[in-house]
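Alright, structures below, take your time with them.
Two complexes, one shared chain (chain A), two partners (chain B, chain C).
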Partner chain A sequence: MPRISWKAAFEAARLHPCLPLLLRACRTVEQAQVELRWLLKETPRSVRQACVLRSRHVPLQYVIGTQPFGCLDIVCRRNVLIPRWETEEWTTELIAGINGSVLSSVHGGIKIYDLCSGTGCVPLLMKSQLQCDAHFTAIDVSRHAVRLIRLNLNRLFSKGGSPADFRIMQRDILHEYPPIMPDGRIDIVTCNPPYIRRQDFVTDVQKSVKLYEPKLALIGDLEFYQNLLDHWLPRTDSFVYEIGNMGQFDFISKTVRQDPNLSQIWNVGLKFDSNNSPRCVYGFKSENTRLDYRKIFQNFGNIMHSCK
Partner chain B sequence: MQRIHQRWFRTQIVPQIKRNKLPPRPKFTPDLEPQCVEAFMHGGRGPGGQKINKTNSKVELRHIPTGIVVKCQETRSRERNRQIAREKMAYEIQKYNNNGISERDISLKLLHSQNKRSKAKKSKEKYAKHNLERELMKRGQELEDMEVIKKMASKE
Partner chain C sequence: MSFQVLKKLTFIRSSFLLRFQSTINVIDKGTLKQLPPSLLEKAKDYTIKLYALDDLISNGTILEHEQQKLYTRLKSINTSLLQYEKCIYEFGELNLLMKDPSLKQEAEVELNNLVPKLNKNSEDLLRKLLPRHPFADKSCLIELRPGVGGIEAMIFTQDLSNMYINYAHKHGWPCSIVSQQENVSGSGLISSILSIDEPGSFDKLKYEAGVHRVQRIPATETKGRTHTSTAGVVVLPQMDNDVDVEAQERKFKPGEIRIDIKRASGKGGQHVNTTDSAVRITHIPTNIVVHMQDERSQHKNKAKAFTILRARIAELENKQREDKERERRKEQVTSTDRSDKIRTYNYPQNRITDHRCGLTMHDIASVMSGERLDVIIDAMESREIELQSKRLLESK
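The block that comes next holds the complex of A and B.
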C-alpha cells in the first residue's frame, strides 16, 4: 500500500481538522470526505472520537453502530461479522426470484434455514420483503451473534412481542452431536459460511477486517460445504451458499456430478457478483418439490450442472 | 392562484411565487427504467467478500438515449442511493428536454430574490419607523427642557 503523501494530509487538514485521521483508513481525500459526511450525520459519539477510532482501523459500522442492508438498518457489534454488499446483493436477487414466482398462498408457508447467520441480516431482510408466508430459523455458534440476531429482530419487528415465525438457535452445525434435525423438509437453506483460507488470511485480508472482525466468521475452507453435502442436502429442496473462491464451487459441483444419486436429482449453479467475482453456489431439485425452483433461480446465476 | 399587485404609476403585473406552489419536481416514471443502465461502483478489482469491508455505496445511472450520467453517494445505503440517483436523473432529463432550462429552478431563483427583496423592504420600513420614533422623542424632550428653562427664568 502506498504511503499517504504529506500533500494529501495538508489538503485534508485544510478541509476539516478531523479529516487527516480518516486518511489512514480511507487512503484518498475524496473517500475520506464521503466518510466524514456520513460520520457527521450518523455517529452517536463525538466526531473527533469517531475519527480517532477510524484512524485505528475500527470498521465504520462498529463506530456508527449500524449497516444498511437492503431497506433495513442492521445493528452491528464487535465479535459479529458485518454484512457485506455482496451478501446484500444476492439476498435481494433471491427475494426478487421468490416474490416473482411463489404464490402468497403456499400451504403452511415456506421454510427457510439460515446457517452461520451472524447479524441475522439475510433472514431479517427476507422476512421484511417476502410476500408469501415463511418460517425462518437462524442458526449460529457464537453467543454474541445469537444475542445480536435477537436484538435486531426485536428492533425491526417488535410490534406485539417477538414474532412466532422466527426461531433463533445457538448451535454448532459442524460438531454438534446429535445434529440438528429439522421437522419436515426445508425449502431453502441459505448460508454465508467463513470461507477465507488460512493461507489467504494474512495476504489478502484488509487490515480493519483482520484486526477487528471475528476470525470465527472469516477463516474456513471446505468444512461447511462438506457439511452441506453430508447433512443438509438430504433434508432440503434448495440451497444458496456464499463462496470466496472457485475451489469451493468446484468441490460442490464435482461431488454432486460424481455421485450417481445426487447427479440425478440436483441442479447446481454459480452466481457472480457485480464485481465479476464468483460469489454464490446454489442448487435445487427439479422433481418432487413444492416450489418451482427453476423459476425462482431463473435470473439468479448460471446453471453449471443440470440433472437429466 | 397568483396574487396581482398593481401600482398607481404603471400597470405592471408582478406574479408572486409561493413556496408551496412551485412547479413540481420531475418524477422518475416507470417507462424510463428500461432506458437506464445501473452500475454499482465498488472501487476496482482485487479480493472481495468477507476479505474486504467496503463502505462504498456509489450508484451510477446512465440514460442511454441521451447519454446523461448521474452518480450518487449521498448515503451509506445502496437502496436509498438508487432512489436519489433516480430523482436526479428525472431532473436532468427534464432539463435536457427543455433546452437546459428547468422551470422549478427558475421559480426557485425568483422566489429567492423575492424573499430577499421583501426582507430588505421590511428592514427599511423598520428603520424608518425607529428613526421617526427617535425624532419624536428628541423633540418632546427638547420641548420639556424649554419649559423647565422658562419656569426657572420666570422664578428668577
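The block that comes next holds the complex of A and C.
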C-alpha cells in the first residue's frame, strides 16, 4: 500500500478538518470525501469520533451500525461478519431465479436453510423478496450472530409479532453430536462459510477485516464443504455455497464427479461475481424434486458437471 | 350579438354623453376577452362528440380506458362552454337594459361584476381547448448546473436550488435532493438534482428550463465589480415512481442498457469490507449515461439512476417529437427552446426579467425565496396559452 503523501493530507485537511483521519482508511481523497458524506448523514455519534474510529480501521459498517443489503438495511455489530456485496449479488440473483419459476402454490411453502448465517442477511432478504411461501431456518454457531439475527428479524418484520416462518438456531454444524436433522426434505441450502485459508489470512486480507471482524467467520478451508457433502447433500434438493477460491469449487465438483452415486443425480455449477472472481458453487438434483431447479438456476452461473 | 352591442356603445360614446363614460370603460375592448368564432366552432364540435359518447353510454356500452379519458375531457370542455355561453348571453341582455335610462344604473353594476367572470370563463375554456402537454400530470426532476462564471455561478446554482426547494415547500409539495455535488474548494454546487414528487408539478415548472443569468457583485469579489454569471436548469418529467429496480430494468429491452459497477481489483469476498456502491447506467441507443454514487446502498443508487435515465429518455423523445412538429409548421423558436437565456436576475437593480414573456418584477428576494415565483410562472403560462391558441387558429 503506497504511503499517503503530505500533499494529499494537507489538501484533505483544507476541505474538512476530519478528512485526513479518513484518509488512513480510504487511501484517496475522493473516496474519503464520499465516506465523509455518508458519515455526516448517518453516523449515530459525532462525526469527529466516527472519523477517529475509521482512522483506526474500524469498518464503516460498525461505525454507522448498518449495511444496506438489497433493499434492506441490516444491523451490523462487532463479532459478526459484515454482509458483502458479493453475497448481496448472488442472493438477489437467486431470488430473481426463484421468483421467475416457482409458483406461489407450492405445497406447504419451500423450505430454505441458511448455514453460517452471520447477520441473517441472506434469508432476511429472501423473506422480504420471495413471492412464494417459504420457511426459513437460520443457523449459526456464534451467540452474537444469533442475537443479531433475532434483532434484525424483529426490526424488519416485527409487524404483528415475531414471524412464525423464520426459525433461528444456535448450533455447531461441524462438531455437534447428534447432528441437526431437518424434518423432511430441504429445498435449498444456502451458506456463506468462512473460506479464507489460514496461510492467506495475513497476506491477503484487508487491515480493517483482519483487525475487527471475527476470525470465526473468516478462516476456514474445506471443512464446511466436506460437511456439505457428508451431511446436507442427502437431505436437500439444491445448495448454494459461497467460495473464496477455485480450490473449494474443485473439491466439491471432483468429489461429486468421482462418486458413482452422486454423479448420477447431482448437477454442479460455478458462479462468478461481477468482478470476475469465482464466487459460488451451486448444485441441484434434476429428478424427483418439487421445484424446477434447472429453471431457477438458468441464469445463475455455468453448470460444470451435468448428471447425464 | 355582443359585437352589435359594442358598436352601439361606440356610437353612444361619440354622442359625448358624459354619464355613459363609466360604462364605456367597462366594456372597453381591451378588458373583454372573447373567443374567436373558429375556436367556439371547435368547442361545439367537441360537444357533438360528447353527445355521441353519451349515446354509447346510454346504450350500455362500456367505454375503453382511452375513451373514458376522452369522455372526461369532453365533459369538462362542455361545462366550460355552457358557462361561457351563459355569460355571453347575460352580457347581451345587460347591454340591452343599458338603453333603458331607469334600469341603467343597476345594469352597470351587474356588468361590472360580469366582465371579470366572463374573462375567467373564456380563459378557462381556451385552456381546456388547447392540446395538453403529454407530461402535464407528471411529477418532475430538476437538474441544475453552473454555467459561465466560476465559483459565482456555483453559488448562484445553490441559490436557484434553494429557490425551487422553497417553492415546493410553499405549495406543500414533497421534494427531495436526489443527488448533489458540492464545490469542495469554496461554496456553491457543481451539480444538483431535485425531485419534486407532486403529480402535475412538471406542468408548472417546465417553463423554468433554460439558462438563468445573474448580474450582481459576487461574495468573492474584492473590488466591488458587478459580474454576470449563468446557471443551466433542465426540467425532466418523472415517468413513474417505481422503486423496484427489477421492474425498472425490465422496462428496457435486453441489450439496450449496460450497467457498470465500480469494483476494486483484488480478492473480494470476505477478504475486504470496503463499500463500493457507485453505479453507472448507459442507455446504448441514445448514448445517455447516468452515474450515481451518493448512497451507500447500491440498490438505491441503481433505483435513482434508473429514475433519472428514464426521465432523460422521455424528455429527449418529447423534444424530438416537438422538433418534428415545429419543422412541419416551419415556425421559429417557441417557449420550450432552452438554448437561450430565459431570465435575468439583476441584484443591484432588484430586478427580475423574463426574456420570453417580457415580464419585469422588482422584487428579487421574494422570488428567490419561492414566494412570488408563481407570478412569473403564471405569466409564462398565459403567454403559452396565447401562443398555442394562435397556432390552433392558424392550423384551422
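One rule holds for everything that comes next: the second predicted complex is superposed on the first by the 308 of 308 C-alpha atoms of A that agree within 3 Å, B and C clash if a C-alpha of one lies under 4 Å from a C-alpha of the other, contacts with A are read in each partner's own complex, and residues count from 1 in each chain.
Following the convention adopted for this analysis, contacts are C-beta pairs under 8 Å (C-beta built on N, C-alpha and C of every residue); 3 or more make two chains touch, one makes a residue touch a chain.
These numbers were taken from a predicted model, which means no experiment stands behind them.
Following the overlay on chain A, a clash is recorded for the pair chain B and chain C. When both complexes are overlaid on chain A, the residue A:N261 reaches neither chain B nor chain C. When the two complexes are overlaid on their common chain A, residue A:S105 makes contact with neither chain B nor chain C.
In the superposition on chain A, A:A96 makes contact with chain C only, not with chain B.
In the superposed model, A:Q199 lies in contact with neither chain B nor chain C.
Contact with chain C, but none with chain B, is seen for A:Q33 once the two complexes are overlaid on the shared chain. When the two structures are aligned on the shared chain, A:P68 is found in touch with chain B and with chain C.
Residue overlap on chain A between its contacts with chain B in one complex and with chain C in the other: 34-35, 38, 42, 59-61, 67-68, 70-71, 73, 81-82, 84-86, 88, 194-196, 204-206, 208-209, 213, 217-218, 242, 244, 273-275, 277, 279. Against chain B, the residues of chain A that register as touching in their complex are 31, 34-35, 38, 42, 59-61, 67-68, 70-71, 73, 81-82, 84-86, 88, 192, 194-196, 200, 204-206, 208-209, 213, 217-218, 242, 244, 273-275, 277, 279.
Residues 14-15, 33-35, 37-38, 42, 59-61, 64, 67-68, 70-71, 73, 81-82, 84-86, 88, 96, 194-196, 204-206, 208-209, 213, 217-218, 242, 244, 273-275, 277, 279 of chain A touch chain C in their complex.
The part of chain C that touches chain A in the complex is made up of residues 184-185, 246, 261, 263, 265, 267-277, 293-300. Of all residues in chain B, those touching chain A in their complex are 39-40, 42, 45, 47-57, 73, 75-80.
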